[in-house]
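Letters are used for the chains, namely A, B, C and D, taken in the order the chains are written, and counting of residues starts over at 1 for each.
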Amino acid sequence: MAAPELTKADFQSDQETRWCPGCGDYAVLAAVQAFFPELGIPPERIVFVSGIGCAGRFAYYMDTYGMHGIHGRGPALATGLAAARDDLSIWVVTGDGDALSIGGNHLIHALRRNVPIKILLFNNQIYGLTKGQASPTSELGKVTKSTPFGSIDGPFNPVSLALGAEATFVARTIDTDKQHLPMVLRAAAAHEGAALVEIYQNCPVFNDGAFDALRDKKRGAENRIYLEHGEPIRGVVRDAEGALRIGGEGEPVIHDAHREDPSYAFALSRLSSSPDGPTPIGIFRDVRRPVSGRDLARQLAAARAAADDASLDALMRAGDTWTIS
Amino acid sequence: MAAPELTKADFQSDQETRWCPGCGDYAVLAAVQAFFPELGIPPERIVFVSGIGCAGRFAYYMDTYGMHGIHGRGPALATGLAAARDDLSIWVVTGDGDALSIGGNHLIHALRRNVPIKILLFNNQIYGLTKGQASPTSELGKVTKSTPFGSIDGPFNPVSLALGAEATFVARTIDTDKQHLPMVLRAAAAHEGAALVEIYQNCPVFNDGAFDALRDKKRGAENRIYLEHGEPIRGVVRDAEGALRIGGEGEPVIHDAHREDPSYAFALSRLSSSPDGPTPIGIFRDVRRPVSGRDLARQLAAARAAADDASLDALMRAGDTWTIS
Amino acid sequence: MAGDSGDGMQLAGSRFTDATAVFGNDLATLPDFPAEIRAPAGTVAGVSAFQIHFASRDILTPGDTPDVLVAMNPAALKANLPLMQRGATILVNEDAFSVRAVQKAGYAENPLEDGTLAGFTVKRVPMSSLTTRAVEGIEGATSRDAQKAKNLFALGVLSWLYDRPVDVTERWIRGKFKGPVCEANLAAFRAGWSFGETSELIDVQVKVDRNVDVAPGTYRNVNGTEATALGLIAASVKSGLPLVFGAYPITPASDLLHALARRHDMGARTIQAEDEIAAASMALGAAFGGALGVTCTSGPGLDLKTETIGLAVALELPMVIIDVQRAGPSTGMPTKTEQSDLLQALYGRHGESPLPVVAAQSPGQCFEAVFEAAQLAIKYRTPVILLSDLFVANSSEPWRIPDAASLPPIDPRLRTTTTGPFLPYSRDDNLARPWAIPGTPGLQHRIGGLEKADRTGAISYDGPNHARMTQLRAEKVDGIPVPDLEIHGEPDADLLVLGWGSSYGTIRAGARRVREGGGRVATAHLRHLRPMPANTGALLRKFERVLVPEMNSGQLAHELRARYLVDVISYSKVQGQPLLPSEMEQQIWRHLS
Amino acid sequence: MAGDSGDGMQLAGSRFTDATAVFGNDLATLPDFPAEIRAPAGTVAGVSAFQIHFASRDILTPGDTPDVLVAMNPAALKANLPLMQRGATILVNEDAFSVRAVQKAGYAENPLEDGTLAGFTVKRVPMSSLTTRAVEGIEGATSRDAQKAKNLFALGVLSWLYDRPVDVTERWIRGKFKGPVCEANLAAFRAGWSFGETSELIDVQVKVDRNVDVAPGTYRNVNGTEATALGLIAASVKSGLPLVFGAYPITPASDLLHALARRHDMGARTIQAEDEIAAASMALGAAFGGALGVTCTSGPGLDLKTETIGLAVALELPMVIIDVQRAGPSTGMPTKTEQSDLLQALYGRHGESPLPVVAAQSPGQCFEAVFEAAQLAIKYRTPVILLSDLFVANSSEPWRIPDAASLPPIDPRLRTTTTGPFLPYSRDDNLARPWAIPGTPGLQHRIGGLEKADRTGAISYDGPNHARMTQLRAEKVDGIPVPDLEIHGEPDADLLVLGWGSSYGTIRAGARRVREGGGRVATAHLRHLRPMPANTGALLRKFERVLVPEMNSGQLAHELRARYLVDVISYSKVQGQPLLPSEMEQQIWRHLS
């Protein structure tokens, strides 16, 4: 029986979207809703799990199953769900504070374990929901409500951090890029294990313009360094010391997202330290590694299906027993 | 007034050491106690902060100030202490579970912030204190009490993780190496910001022999790849693709711990995936970056010293006031 | 609500009025049209305003001084600012404060920047541009439509702040407008509402009884957050200890972080930690180093700090934990007030881990409350929880500024020498242990969360020692002398109303109204939740009936029953809203008869 | 303690005896020398043993069946195993179980591996090699000294387990030996002691009253942990829900993780999470997916799970949280028992977040208790806390094995269809909401921690709705019917002894002794701490005096006073040790007169 074709509308919940006008989250939501029919997975087999933050609201707007959890714990909630169910498509939506500040530990462990979940990290380099404090991706010296004299701490590079945590799939894309974003989601969905997708997302209210160098049509065209597997990376060379560089003398680099050794992807991630200049966009790494519990899930499902009163009796009576009559 | 020379005994507390006989922790303790006089810092200006675990007991055995905290929170406690006091030498002792499992978030943030603390991570690839469960550095397939059918999750590489978290100083050494360990401690102490030192530590009771390939005299000589700044790295070459490899064709590599770009140190960290074969030992990275709150501390100390009733009155009366008589 | 006459203020105002009426509030309005029908746009003369005063009952006037001003442009601000009392909230359309507009209104400098608004709670919202963005996507809507719809954006924000039902207004918009204009107005209204919700905007009105006798002195307006910040700075100055404040942002606690982060001039160090566990741990680590370690959060964050607070109990180090309560459970309603963390503050840690709990009762009194929390923490070497709430933190009142010299010095009594071996768990008369900080020669010692032997502090698994330490920790806390409860009103009335925390003003006001109506009632207010004042039990027994009003399900009542075996009457309100004087009045009458 | 005659067992035994006498215990000993003076080493004939029975008072015999056997080699095991009852603890010197030694003792297979010791609690300690290592560094000590010192290592371990004072033994060693041999013996003794402490070795004796009438049926020995594991598996089988157990290791809770991790055959999935927050979150995430989500921890871990449990309260999803209590506060004494997390279980979350709390009262009853916790969680869609403790988890008793068929099925009532729009926060007669799990077509919905509108579950900041939801959540929990308290003993006595949790057997035993002595006393035991049985208040009022013994500072007493306004008498013991029958007897007598 052929299932009816899904459309974007099938993924739109009846909840009114409640972000500030102009928020990059709208663009991501639209792109995700437009993309999902393509997966051919019925909405009831999809789950969005989120933490707290503006981004966390995302879960309410998808007409799938959804859980708006607590701050930073999305990956842990999703790991539990994935352990219980291997028949679902599980997506985590998180912000830069949610994922990298309070939730940093769960993020790195989900990546290490290679749990079959897709994590969309909406990076606006600020705390949106709580009205404008510094986040772990805010740049050094950033003036925010919590850092009125400028932040004294340098930021994480989410791609580097993920690679250091043994991530098997790491990508970066941009909220308003209607072509690139679905392309990355497609690859993330196809990836068997944990996928981390960093999405540069503009917060017009508390951190407007943070990604203008990449979002602007004109500046974006100059600054985006697209990573496409098997294609040369425009403007990037390998210098005599073996290091990757933007511009200058050296050998051209052909992108290889499947390279086992993450050192190469890591080197790519270091080409930019903040999104105000040339910045790699695309899939840094996409390799296979045993997926947490994949085989186990099947094995256990079978065991549980077979478990009945008889096996329970056997278990309870295992070992030494005695009978009193 | 010349302070009297310090000796090892000045750092030995009167607490009886309570590790299992043969535990690698003894060797580290002895090395640390022997090394500290060299720093010339009086014991009262040194603080050991630890989490929970066998390693965490360390704090009791040093005749310095010490705080045995709660599981995983050592770096956070130490960050607070460093914020209050810039005249102390602060050391954190932690285990692989303490630092990388429950405490993972604090570790990566302390490194990102470049807090002036030295973190000694006793990695025995097991939970010692709680009697033998898998840790985030236990290898895939490892059989432990909590993973009787073998662990299904791959391990972290602590050096890679630290580098992904923007660490400015990362080193690795071995519990029983009486020369190398102090050498690494010396460099860590000299480093201005956060230093992470991974110490391979044998747990004879629950994970005996995990590091034999490196600890054994004979096998160790073969397997240790010493990293010495400015010296060629024995057996390591850079291949045609720019990647670092052990053996094979390629250019020799001269170690440069001060390289700004962490990609190089990261690549070094990937030369070994577990300590049962050739493994780099030494200082992977040692670079300068603004130290969290360094200048601020001085500025605030001055401000506080100047703060008195008059400035408090001025602050309280700032803005609009009115008087009723 | 004030804006240019073309800004549609009257319309927005009357919509808000309708929604308010539907909501069941009593109200009075005062539209305030510009004198000239077509005064030049952007000038003070052209300002159109609409004032509404609403409350549950008892509206006597259309509100003498408004609590909130919505200013759509500089002229509107200029025209209406004189009406406003310090402490009020001003919502400005930030986009309208261009250099030209500022001049047109007759301001020399931008009033948002030059301190004109000091003492007010200013919320800057880019209303024009947000409205434009909201309307952008609507087919057929022009930028003029967007421009005209910003009154509805403002209305949306206000509706959020005051919980006005949205459906009434939406229905009205649908009836009134058609096609793209209708869509544009709807979008603007919803955008305003969403902005309020999404960015966790908060507003509370000043509910504090103002009719108390006014003591001579110098006054200023403060909200609870500002008073808390000042109290912490004062404790740092008076103790000579550096303030180290570790926090993780959370509504409504973040503002204290923001306020203290500006206080480099007083030597305050704030750290935005990676999470609440770290925030608490940083405060505690700093305390080990001899700082005044403080952390501040709200419910979900308090959950996370639990384990660290327990460590502080075991370490017996000074530390102040401020909990700005909001409506729970879980994420709950982050912008609404509640008093429902009381039992958690008292008992929410594993093991026997007693600590003093203090509550703040009014915005200005936050100063005293946090100062006292710091005093107790330092004197008794113990973590202290200060319970505040969203209402007290965000509302404001005139505050008599104390003289710094009149504040008691806080002697940290740092231990610097020892005769004989140093005993980190020996105790003074207050059962407090010595605080010897790193850097002190000869006093090196190690402390930790494992049970410690009495006096020496060595690790101990000894049973009787554990019993003794458990008892010592409890005795230390319960032995803190706190002032007796004071009775206000008729000490020989039949009914005592006993409250705690932010309901102080409301209960007083309610009781006053009852007295004005000829009723006899006494009130008392608990500022110390552990230990409780020594006379509490006696007082409870002295009155025939004791009414305990709380913004929770009766947590103080539960505690009083357990401690004093008195069958107090719990009045519980769990609506995310502060108690109201009228409600108190009604409850008191109910229990008088 | 049994070993080769050359192993110095008598010496170790008599040392332990001395330390025990010093400790103030009553005791009786039974040295058991080998018949032949020089029997071949390693054979059963050569075994030398020393038995000691000690307790606070009332020693009548040198201990019929020992609770603990220390076996230094296979022969010692072989010789003494027949004396031991299943459930006892056997400490073996693992190093001595070489193939040869095993054969010499007359075993065909290594008894440590072949199931011989099934039903016993076996602790394998590499005593020889640890002793060798301990002695290694000592100047002048030979490997023979090390070899001979292992009896002192064993003595050290035992001294740790039973809290014997170390100084007595150390003084004796110093007096008896000289030079390197003295050092070697001291080092071995300390190493054994440290091993006990460092690796958090636990031992508890079976304190359960064995004189109850024995019902017919098939029995086995279980400790509380095993029974809990079986109960969880049973709940999974009877509900058809997969068990997902998320945990982070912590003494004494880890053993449940270990036990369940082996149960792949029953489809159980265990995850060792990165921390307790994740462990709880994983259980909750699994519950959202339709699993029986369970997490288990001890005090410090419960602190960390607080926020997630609060989320579960808001989500109204089934979840079981097991807290194996240990002595606090903070890290406290991880290997000692306590009941001090009761108030935390009841109140240790921000906001109003009620949930059912159940307690386990004996090792075997852990099965029922956890099965019931799962039933309640599933039926009422709520997190349930099961309070267990170190004592009940580690002690063992004969347990009548239920027939699987006799266990009630648990119907998860998963919602699979809807007429009209799906209302995730509508409720059934039990006030439970529908559980519709991902994969169910047409029932897609979103839930979260923000306050939800009644019935629809949409986000709501509405005050009256919040009040209603707060009330519904409490009513749901408090409306759970739990069986009435049953009185044991004389229902018309003057004194009721009311306990909860692991003191069940002890209180019964104490009361029986009193009755045997002619006293009249009733006992009752609370298994449900929230809600409490409907007859609790009436019972408390019926008796002239109510004694509430607890291993905490009176937490249940506090709760009873608050709920029922009855002035119960708290007997509190906070020594990290279980209550003793003798102690109960004494207390009962005290309050009878």
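Assume contacts are C-beta pairs under 8 Å (C-beta built on N, C-alpha and C of every residue); 3 or more make two chains touch, one makes a residue touch a chain.
The model shown is predicted, which means the values in this text are computed figures rather than measured ones.
Counting C-beta pairs in contact, the pair that comes out ahead of the other among A-C and A-D is A-D. Centre-to-centre separation of chain C and chain D, using mean CA positions: 43 Å. In whole angstrom, the spacing between the mean C-alpha positions of chain A and chain C is 36. Annotation: 41 Å between the Cα-based centres of chain A and chain D.
The geometric centre of chain A is 29 Å away from that of chain B, both derived from CA atoms. Looking at chain B, one finds that residues 52, 68, 70, 101-102, 104-105, 109, 136, 293, 296 touch two or more other chains.
Shared interface positions of chain C, defined as residues touching 2 or more other chains, are 197, 264, 274-275, 277, 300, 307, 311, 315, 330-331, 448-450. Taken chain by chain, the contacts link every pair, so each chain touches all the others. Only residues 101-105, 108-109, 112-114, 136, 140, 152-157, 160-166, 238, 242-244, 261-264, 266-267, 270, 289-290, 292-293, 296 of chain B touch chain A when the two sit together in their complex.
Within the complex formed with chain A, the residues of chain C that make contact are 126, 129-136, 187, 190-191, 193-195, 197-200, 248-251, 254, 257-258, 261-262, 264, 270, 272, 274-276, 300, 330-331. Those residues of chain C that touch chain D in the complex are listed here as 163, 197, 277, 298-300, 302-304, 306-307, 310-311, 313-315, 323, 325, 327-336, 338, 340-341, 343-344, 346-353, 448-451, 461-464, 466-467, 470-471, 473-474, 552-553, 558-559, 561-563, 565-567, 573-577. By the touch criterion stated above, chain A contacts chain D in their complex at residues 13, 15, 42-49, 52, 59-60, 62-70, 73, 76-85, 87-88, 105-106, 109, 293, 296-297, 299-313, 315-317, 319-325. If you check the complex, the residues on chain D that touch chain A are 86, 118-119, 214-221, 230, 233-234, 236-237, 242, 244, 246, 263-269, 271, 273-275, 277-278, 281-291, 293, 307-308, 311, 315, 401-405, 437-450, 458-459.
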